[in-house]
Amino acid sequence: MMLPERTLNIILFLALPLVAVIALALDEPFIITLATRAAILALAAVGLNLALGLGGLVSLGHAVFFGLGGYAMGILASHAQSFTPLDLGLFTLDGTKSMPIIWLVAVTVSAFAALLIGLLALRTAGVYFIMITLAFGQMFYYFTISWPAYGGEDGLSIYVRNSFPGLNTLDPIQFFALVFGVLAAVLWLMGRIERSSFGLALGSARQNAVRVETVGLSPFRLRLVAFVISGAVTGLAGALFADLNRFVSPTMFSWQMSGEFIVFIVLGGIGRLYGPVVGACLFVLLEHMLSGVSDFWLIYLGAVLLLVVLFARGGVIGALANGRGVHD
Amino acid sequence: MTEPLLDIRRLTKSFGALHATDDVSLTLLPSEIHALIGPNGAGKSTLIQQIAGGLAPDAGRVMLNGRDVTDLSTAERVKCGLGRTFQISALAMENTVLQNAMLGTVGATRSVWRFLTPIMQDGQLRVQAEAAIERVGLEDVAHARVSTLSHGQRRLLEVAIALTLSPKLFLMDEPMAGLGAEGTARMTAFLSELRREAPILLVEHDMDAVFALADRISVLVAGKVIATGTPDEIRGNSDVRAAYLGDEVPL
Amino acid sequence: MDFKQLLAATCVAALGAGAQAEGVKVGMITTLSGGGAGLGIDVRDGFLLAVKGNDDIEVVIEDDQRKPDIAVQLADKMIQSEKVDVMTGIIWSNLAMAVVPAATAQGKFYLSPNAGPSALAGKGCHQNYFNVSWQNDAFSEAAGTALSNEAGKVFLMAPNYPAGQDIMAGFKRTYQGEIAAEVYTKLGQTDYAAEIAQMRASDADQIYFFLPGGMGISFMKQYAGSGVDKPVSGPAFSFDQGILGAIGDAAIGAKNTAHWSKDLDVPGNAEFVAAFQEEFGRLPSIYAAQGYDTGLLLASAAAKADVDDADAFRAALKEADFQSVRGKFSFASNHHPLQNIYLREVIKEGDLVTNRIVGTAATDHSDPYGADCNL
Amino acid sequence: MTTLLLIEQVLNGLQAGIMLFLMAAGLTLIFGVMGLINLAHGSLYMIGAFAAAAVAAATGSFLLALFASLVAAAAAGVVIELAVIRRLYDRDHLDQVLATFALILILSEGTRWLFGSFPLYLDVPTILSGPVILPGGIAYPAYRLVIILVGLAVAAGLFLLIGRTRIGIQIRAGEADREMIAALGVNISALYTMVFALGAALAGLAGALVGAIQSVQVGMGEPVLILAFVVIVIGGIGSIKGALVGALLVGLTDTLGGVLLPLALGGLMDASSATSIGSAVASMLIYVLMAVVLIFRPTGLYGTA
């Protein structure tokens, strides 16, 4: 069955809330939790996709932003929980359990980190870029493990999910709706960015940096801005992920996490707006189904991944859709 | 006397013992086509890169429109009015012809930091881009991907993108290569008109085109400019003949 | 009495008690794949051995891959989808911290077969959380007491993460002698040449270290080759049956503290060791023993009370009315173990490198955090 | 800290660097010749260690075990190259990263399936088991000295192979231009398979040598893989000399940082926070080193763009 890519995207995208609603009808809250998890991981990869898919920046360190978003949530909520203000040296900040404020902090902190890391990392290219981003990820990982103030390797538990005005976030379907709303909004935003003059310039810089310079634009600045937006979105996903689990830990900074984001993108289809969404859903589904098959289920996961990389180069969307994904 | 738009002063660049550019001075005056010729390995590419900003000279200055741009990046020189085309196409191959031209208008209007407005629906920029495509005669393939274009068409697209920038001067690296006889004739006529908009520093191997177009010609041999003059003066120059004899290029 | 008879006896005893339990559904989240899988497999096998043939107990097992976020997701699955009554299985402190508070807050019972972070023993204790293994500090507190009798200075080493810091804190709490140096290594470090050189140069008389899993194997092998001959000791995690095979003769003579050993002479232990070996073809580890005790504890409570009556079931758990392979076992007020901790020594039995008990390091040991617990 | 101890720690750092070099050399060779990022290199290291442990347990001979590690890792390398890797040469780095990441999953869990979940036993041969006394009175484990010698021998062998032999000329030509070497009539795919097998054998040897003083277990390859990448990125990808220099730098930084930082901080704060903060910073140090090198030399110390 071959469908136009746009139709396919709409069908695949709506599958997620459909699953959640069916699960609600069948009283299977865990399926809703899984759908929420998929949506959050998709959001993180959608963020990375701006840098990787459109900008061609293979970052193996996006877990930094995911983790920073997570710790922004964890630290703010833990201070709210214990009613102690957060002492930042120059001023103190009250903890909070309000999601909008936490999101704002998560986005700001990860954007700032992306700016600093980008300023340094974007001086390199190719494998060196992959490796320097990995290095930043490892720095954060080891730092959080050995930094005792917020739990070190044990991480930080937030016993009650944070609040969002007008919603009961403890109800799985309401939290899912919130996450899905954020994902839809970010996808809309990313779609606009891809079609904007910035998106055109960024995509052109991936294909030919000299061309972009020759019309008077700086590829470095384009990439830096893309990296910052990308990091901010992944940071937002990190805050949501921490809220889903009501828990943050250094594993959010691990290089395997960064690797998984890339896997989502490639699994779904690189350079496609909905690629990360499809990839993340498929990954969560595979993980859920295969882990019951045997103790050695990771072998099957590896095999699926290998087959997709070797033989399905447009990812799942590429295999299902006719025509190629052109951003026109 | 009119001010030169491009003024290269005593530019020098060495790679180890090799003097790729050896004390080169050149000017480009308004409304002229100044051709730069020379045998392979004479240092034309190195010189162009120093003018465009891809390579820093060891000594000497590059003045663009009265401004010293020696320490500026490629992108900043473009903003000072330098329009460039490449010997080997530098294009976004997966994008369409129109998208490539639109990129030029984005650069020209400094409108890159717009994140939410769809660029292809921007009427004003689109009109400019389409006009440039039409001028070089690519309107029939405006929506084709660049990767499906012939070499000649890609060369024309390079020119079209440069046109969208409304530059103060053009730096063209072998625009005739791969065009065929008919294409070369069209391009020659086109460039001949274009010089009225902005002067052209033309690097070209097609000597018929060079002598038909150029107001002045400079000859670069082993990193040095050995002669500068009108086509007639260059034809009569014995040094040039000597330098070119081995290359059997008819002058 | 062989294992089957024992099992039959347990069942009869259960029936005899007359409690009409409807059956308990247990969700086990443990590490079954990747690097730390050996510990999870031991806990799982020990647990399954204890509840084998017990129709009252239904077990669902999931692999957490040693990732906290996966563990949280599986806990959601256990609670929301499988609708389990009791959860157990987690090996690592950081995973326990991710799962346990949320699970107990949702009214589930959690029985810890391994790992006892201090946060869950003190202020963060919960009426539905029962630790059947140890509080993280326990083995090293006992070791601190035991080593205080031997004169001299001690060199401390642990990985730089909370469990490492907890365990060293436990040792320092009870140790009376002088500390020559305290070194924290990178988690997952594989080469200890630099630390061994520091040990050689220091004026310490003995080494006390905590390096779980592969880290301990690496250190012990390298230490043996270094020619430094200061006696080493540590909590049992670095000298457990699962890894002694990999360390080999290099471990012989090392002292370590644990609540159990395969040669511990208490009722049921020899039978457990034999049955485990019969069933799985390898010697049980302390993790297997903990898994086994967890299974026995659950079976004892299931036989006494209906899990739907949470108060009754909690009371039944609290009684700890089962024959632990550790001998005397009961719960302190914070639902953490009151148990003996023994001093073991690594020896060679034929070709086999294993532990034997050489003394008791602490009697009826309980952790110090209980004071902060309001149960 | 005494001078003697400092010298011993420097020796330890060099030795750690040499161990890393064994691993990094194959990785950088494969990247240099084929342009391939091979994350599964750590799995080949693990295969070498497991093969050595299995053969040592069966025969009791350490030399046979080393031989087995070379053969097993090279054989695994050939199989992997033929089945998967050769489809990746023309792909971008992203596809290579993902495909070899998938290989890690398959090889790690496959090994666990074959050998079980518990660490294996592999010990140094009795003759090398104790320390030797170096000039100055430093007692140093004999086996570690042997590792240093083996590492230096491998380095010398590689320099000779690349610089002096016919195969080396082909390898260097292949680095410069694939089509050119194919045009010269060299069987390029056989050459690539061979280079990959050589890289794999080096990783396997490293696994066996290091496995004898560390833990032979599933997943042992991943930390060392990351370190090896740090090494070759610092040195400049594709350069054997860079790998050697990078490995020594990383070994020294890691070892001396862990020892000296807590001491240095001890002057500024109380002992226990100095230990804890010093250790925390020390664990980040090699990544800081790598970032700093790349910021000043974006293609590593000996890399070309």
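Which chain is which? They are A, B, C and D, in the order written, and residues in each are numbered from 1.
The criterion applied here is as follows: a residue touches a chain if its C-beta (ideal position, glycine included) is under 8 Å from a C-beta of that chain, and two chains touch if they have at least 3 such contacts.
Not measured: the values here are computed from a predicted model.
Visitor: Keeping to the contact definition above, tell me which chains border both chain B and chain D.
Guide: Chains in contact with chain B as well as chain D: A.
Visitor: Let me check something: if the centre of a chain is the mean of its CA atoms, which chain is farthest from chain A?
Guide: B
Visitor: How big is the gap, in whole Å, between where the Cα atoms of chain A centre and where those of chain C centre?
Guide: 36
Visitor: Can you work out the whole-Å distance between the CA centroids of chain B and chain C?
Guide: A distance of 75 Å separates the two centres.
Visitor: Using mean CA coordinates as chain centres, what's the gap between chain A and chain B in Å?
Guide: Here the centre of chain B sits 43 Å away from the centre of chain A.
Visitor: Return the distance between the CA-based centres of chain A and chain D, expressed in whole Å.
Guide: 32
Visitor: So which stretches of chain C touch two or more other chains?
Guide: In chain C, 33-34, 37, 160, 165, 184, 186-187 touch at least two other chains.
Visitor: Counting only residues that touch at least 2 other chains, which ones in chain D make the list?
Guide: Only 108-109, 112, 276, 279-280, 283 qualify.
Visitor: Using the touch rule from the top of the page, what residues of chain B touch 2 or more other chains?
Guide: There are none in chain B.
Visitor: Taking the top-of-page definition of touch, could you list the pairs of chains it picks out?
Guide: A-B, A-C, A-D, C-D
Visitor: Which stretch or stretches of chain C touch chain A in the complex?
Guide: Its residues touching chain A are 32-34, 37, 62-63, 67-69, 72-73, 76-77, 80-81, 93-94, 97-98, 101-102, 105, 117, 119, 160-163, 165, 184, 186-187.
Visitor: Name, in rising order, each residue of chain A that touches chain D in their complex.
Guide: Spelled out, the residues of chain A in touch with chain D are 52, 58, 60, 120-121, 123-128, 130-132, 134-136, 138-139, 142-143, 145-148, 255, 259, 262-263, 266, 270, 296-299, 301-303, 305-306, 309-310, 313.
Visitor: If you look only at chain D, which of its residues touch chain C in the complex?
Guide: Spelled out, the residues of chain D in touch with chain C are 1-2, 5, 8-9, 12-13, 15-16, 19, 108-109, 112, 117-124, 128-131, 139, 141-144, 210, 212-220, 223-224, 255-256, 258-259, 262, 271-272, 275-276, 279-280, 282-283.
Visitor: Mind pulling up the chain A residues that touch chain C in the complex?
Guide: Against chain C, chain A makes touches at 28-31, 33-34, 37, 142, 145-146, 148, 151-155, 157, 159, 172, 241, 245-247, 249, 251-252, 291-292, 295-298.
Visitor: Looking at the complex, which residues from chain D come into contact with chain A?
Guide: 31, 37, 84, 87-88, 93-95, 97-99, 101-106, 108-110, 112-113, 226, 229-230, 233, 237, 276, 279-280, 283-284, 287-288, 290-291, 294-295, 298-300, 303
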